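Which chain is which? They are A, B, C and D, in the order written, and residues in each are numbered from 1.
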Amino acid sequence: MKIGVIGASGYAGGELLRLLAGHPEFEVSCVTAHSNAGEEITSVHPQLTSYAGQSFSSFKASDFERCELIFLALPHGESAAVIASLSPKAKIVDLGADYRLEDGAKWEKYYGGTHAGTWTYGAPELPGARANIAKSSKVANPGCYATAIALGTAPAAKIADLSDVVVVAASGTTGAGRSAKINLIASEVMGSLTSYKFGGVHQHTPEIEEALTRATGTAAKISFTPILAPMPRGILATITMKLNSAITNEAAHKIYNDAYNGEEFVKVLPLGQMPQTSSVLGSNYVAIQVAVDEHTNRLVVSVAIDNLVKGAAGQAIQNANIICGLPENLGLTGMGLGV
Amino acid sequence: MKIGVIGASGYAGGELLRLLAGHPEFEVSCVTAHSNAGEEITSVHPQLTSYAGQSFSSFKASDFERCELIFLALPHGESAAVIASLSPKAKIVDLGADYRLEDGAKWEKYYGGTHAGTWTYGAPELPGARANIAKSSKVANPGCYATAIALGTAPAAKIADLSDVVVVAASGTTGAGRSAKINLIASEVMGSLTSYKFGGVHQHTPEIEEALTRATGTAAKISFTPILAPMPRGILATITMKLNSAITNEAAHKIYNDAYNGEEFVKVLPLGQMPQTSSVLGSNYVAIQVAVDEHTNRLVVSVAIDNLVKGAAGQAIQNANIICGLPENLGLTGMGLGV
Amino acid sequence: MKIGVIGASGYAGGELLRLLAGHPEFEVSCVTAHSNAGEEITSVHPQLTSYAGQSFSSFKASDFERCELIFLALPHGESAAVIASLSPKAKIVDLGADYRLEDGAKWEKYYGGTHAGTWTYGAPELPGARANIAKSSKVANPGCYATAIALGTAPAAKIADLSDVVVVAASGTTGAGRSAKINLIASEVMGSLTSYKFGGVHQHTPEIEEALTRATGTAAKISFTPILAPMPRGILATITMKLNSAITNEAAHKIYNDAYNGEEFVKVLPLGQMPQTSSVLGSNYVAIQVAVDEHTNRLVVSVAIDNLVKGAAGQAIQNANIICGLPENLGLTGMGLGV
Amino acid sequence: MKIGVIGASGYAGGELLRLLAGHPEFEVSCVTAHSNAGEEITSVHPQLTSYAGQSFSSFKASDFERCELIFLALPHGESAAVIASLSPKAKIVDLGADYRLEDGAKWEKYYGGTHAGTWTYGAPELPGARANIAKSSKVANPGCYATAIALGTAPAAKIADLSDVVVVAASGTTGAGRSAKINLIASEVMGSLTSYKFGGVHQHTPEIEEALTRATGTAAKISFTPILAPMPRGILATITMKLNSAITNEAAHKIYNDAYNGEEFVKVLPLGQMPQTSSVLGSNYVAIQVAVDEHTNRLVVSVAIDNLVKGAAGQAIQNANIICGLPENLGLTGMGLGV
């Protein structure tokens, strides 16, 4: 099955190429980039040795006629114009934000510009989502923070107050993209922690709220503070909510375990073991732990993902597998590096 | 003025020796360690070149008779026995937890063992604290997390609900001590984030609550989740509370600015600039920023300190300066490395 | 094909399990550990989700009767006793040093204790090695530094003086093992570089010299200085030798290119591109660049590997593939993470 | 004594300001920057709290008439034009490369453009240098690598062959400047090692050779390979040379000890202790260890400095102290952070 990747010079695009090289059913046929068009793929992504000799091409819609499935990894706001030129029959997974939100006003408030529309939200493990994805040919792939936070919060709907969820989540630097900015250079980042988009203004906030509200039937409201962490990959999200009533650690743990029972990629850890981002490094797995803070009657949840895999390229392939009728885990069973 | 340091082989002890070497009034006269007794100071702390040729001695009370001022940097629970053998007239700053809490039951719950007693809590910038410290000869130096969190929360008492403060704070690894444990080795920590003491069980919780309640006159309750970050030093605390009523960013910022107006070591950053731990690295400074999350009607505060300086050795010297009647900033004006 | 892993609680053992889980022909049947026997595999290696529910067992020779192929990842000096109890027909790849050296006196000088013997040295890409490995049922898997340095040096035999090779190589901390030592804790390592086994005493020195002498027919002598780098994985080796006569960059590059032409795992980069350890992270690939320093008439070679993959577990599986008559790259085609 | 800093927005400039703030005799009076002119100093260097409220000014020669001493921290090639406009009586320490080389042809080969001239080379601890500096009013401050390598090599002139010195040195990322380039962003650097300016082309090569030849009376030739290390600060240089004749470790150590006997800033460590960059972090100290590799008859030297302090701003102040007739260590006695 021939596939295309549009916008492959960034970190998410590179990760797509890496994972797709090991996918038994998908054959990468077209790879485009904008400013890097004409350059060898390995000059931008030296790790992608199996692509040696291939170059990024400029986007030409006709090149993609042979592709049954297309991944888009473009900057926010650029997907619609490209999609308009593609065959309406093409299966598309958009890693960008353009089609994630239902509420156009929210899109315009958080991203600026015009809302492109709403596609099926591709978070397969959220209640009710998988069946919808399977019926879709166009999927909006969730944001990295949104993935971690929605998966960590949804099971709590039964026991906690989703109208006042507090989240602090730290991300590795690839979450900020492959972009030459002073605040992202290694000298500024290594050995340091700093917050950004401070005061509840991160653009994943409405996405998380919509996803949770849809998944749980409860109006969710979230206070989210992101942090830039001195590591290349990984998100660790800490989520806390008021419990509706007292509950034991074990009972809370069981609710989470039950919620993700049978899920290949979402692992609720045994009590006493904490998620660490290194354990999911390079993999599509999610590690979750939950605890009851009896002192404050709060539920506390810790979630680790690799922002480039489950938070971007891996989940995109997972969604592609679903809409193509393939086993959901195809090409995604590689485990985390651990160290 | 001759001073002694008891328990100088750990990170806080080493930092004390580093800072004391630059202090114009304090002369380090006795330096003890337990398992490293007899070893050269520079074999444990190779950076301390000005101590070359000196060794750690075993603790002998008589050695400390000549010391007017003594710093204790011992493991929790070990201070009382040592103090019993020292002159009651000695000025003492205890970097351990033994004398920090008023509530003995809380001490026993969080630390185990017997509560040693309660000393003046040495957080000079909290309302009402400085004058009490100045009258004391024995000071309990605050915990590293407690320092960051109490300073970041106290000014909010006027505008927010301190009965449900949510804090997520990440610390560099020196916060876990100079201890050979598998979970602290570099292979496990670098490139990874993980939470610990999860579910509201961190022992600084009652200390922060007591400090805030004392400083603000409001009963404070805190849900605190600590995170181990891949960097040697630094704490970044994110604090959030429900606002009592709507307030602008500028008004919230002014309240914090006013609260720390004239304080040498606590800097409320200009709006738009975020605290980063590297900017306080190696220094006694605290960087704070505050914002209103209008979406959730929450106040969000970000605080950065160096856990070994303002979170331990630097604040200990600041307290010592106060109880000795010296300028509070003596020996502490070195600025952060920045990178 | 049933296989066993003896000594799987260390980093090399964990990496074996990770890679073996994706191998289409090998089925992990027995997994032992010493001090961790009885513990769940995922309690030590939380990333290994596909092993959930399985525990390390204590070594019992009878358990291994069903294993056609056995990997040993034991501390130096412990392989012989275990091997004596295994079936002589078993195919074995030993990741330890016990059977790597031909010269028993050198073994005893650098490792202490008794030399166990000499097995086929499993560096498939060195001249003459692959055919020997294919005929063997017992293979000594090379050391991590030895792999990088021998591959980086061997092609130079035609143009440079191998009797005075100077190497400085830096390794990530997993090279030092999963061991709770003060000098390996994150606080000591992060943000710092330091050398160790200083003055030509590293135990891989004779291994590299034997490998190069065997592969090139020239007596090789090496001055090797190892460095501990603040990263979990990766080796970057810098190798320099006097050139026999002046040669251009292009000519030197062609010699290296020709030497590894057709090798799946050894990539001589295009001129102008430098090896970086992140590009081989998690993969069995080797990245090499070569340059002529005209100013000093020296050849300079830079080599990057992942110490746990090509430097340990990956190369072990590569050797196992060869001795089992399987395609050499089976289970090993995953590319590096890149970032 | 009023002083000026021209070009203070980079890392070396920021470090100058940090150290000058603690200098008892120097009063920072003029601070310029080019593209950051008009911005607050703390917006670029948030750690420099004592400069709060001050802004970078554009360079105007008349502003510097009141400055007895001026530090230049400009990009290579820009010093001459600025200096031409300053009073010829001004004492100047240039942190750039423009006046470091005696050989103009080498300057043009390695830097391009026109050679500005030759000033006294400010490496006080090299034989014969201090007296020359004391007589000068203009000093060329050494490069960061040059400082580490020249100090590590000079004492060996008596026992080793300086005509074929091999050096591999790794630097933290601040050595590459405060510059927004893709290869310097944290995602690319963290967890990775890579070489650059590969093949003997680094511009410090002629500087080191001239410094060593001048200091030792022996024509020095050096093969130098630099490496970018995943840490903000620090250089670890590994230097090796053929010994003229066999010598013991102890004898080599004594030669180095004697060479730096009485030097405040250069510390030859006790045998068995290795330099680590963290131990000199933030300080003007140099840590050196030396060993004889009997196997290859080579001397091996390991040197650690902080590239921004002894490798730039600290040594510049040291030189300024000398030319101003002040105690050489004034404002420079702060010790390394250690962790």
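Methods note: a residue touches a chain if its C-beta (ideal position, glycine included) is under 8 Å from a C-beta of that chain, and two chains touch if they have at least 3 such contacts.
Values in this document were obtained by computation on a predicted structure and should not be read as measured data.
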Set of chains whose contacts include both chain C and chain A: B, D
Comparison of B-C and B-D (more C-beta pairs in contact): B-D
Distance from the mean Cα position of chain D to that of chain B, given in whole angstrom: 35
Chain centre separation (chain B, chain C; CA means) in Å: 45
Where chain C touches two or more other chains, by residue: 11, 174, 187-188, 190-191, 230-233, 276, 278-279, 281, 339
Of chain B, residues touching chain A in the complex: 164, 166, 168, 170, 187-188, 190-196, 198-201, 205, 221-223, 225, 227, 229-234, 236, 238, 240, 242, 249, 274-279, 281, 289, 291-296, 298, 300, 302, 304, 339
Complex interface listing, chain D residues touching chain B: 11, 14-15, 18, 21-22, 42-43, 45-50, 52, 174, 190-191, 232-233, 267, 269, 273, 276, 278-283, 285, 287, 308, 333-339
Residue ranges of chain A touching chain D (in the complex, touch as defined): 11, 172-174, 176, 178-182, 184-191, 230-232
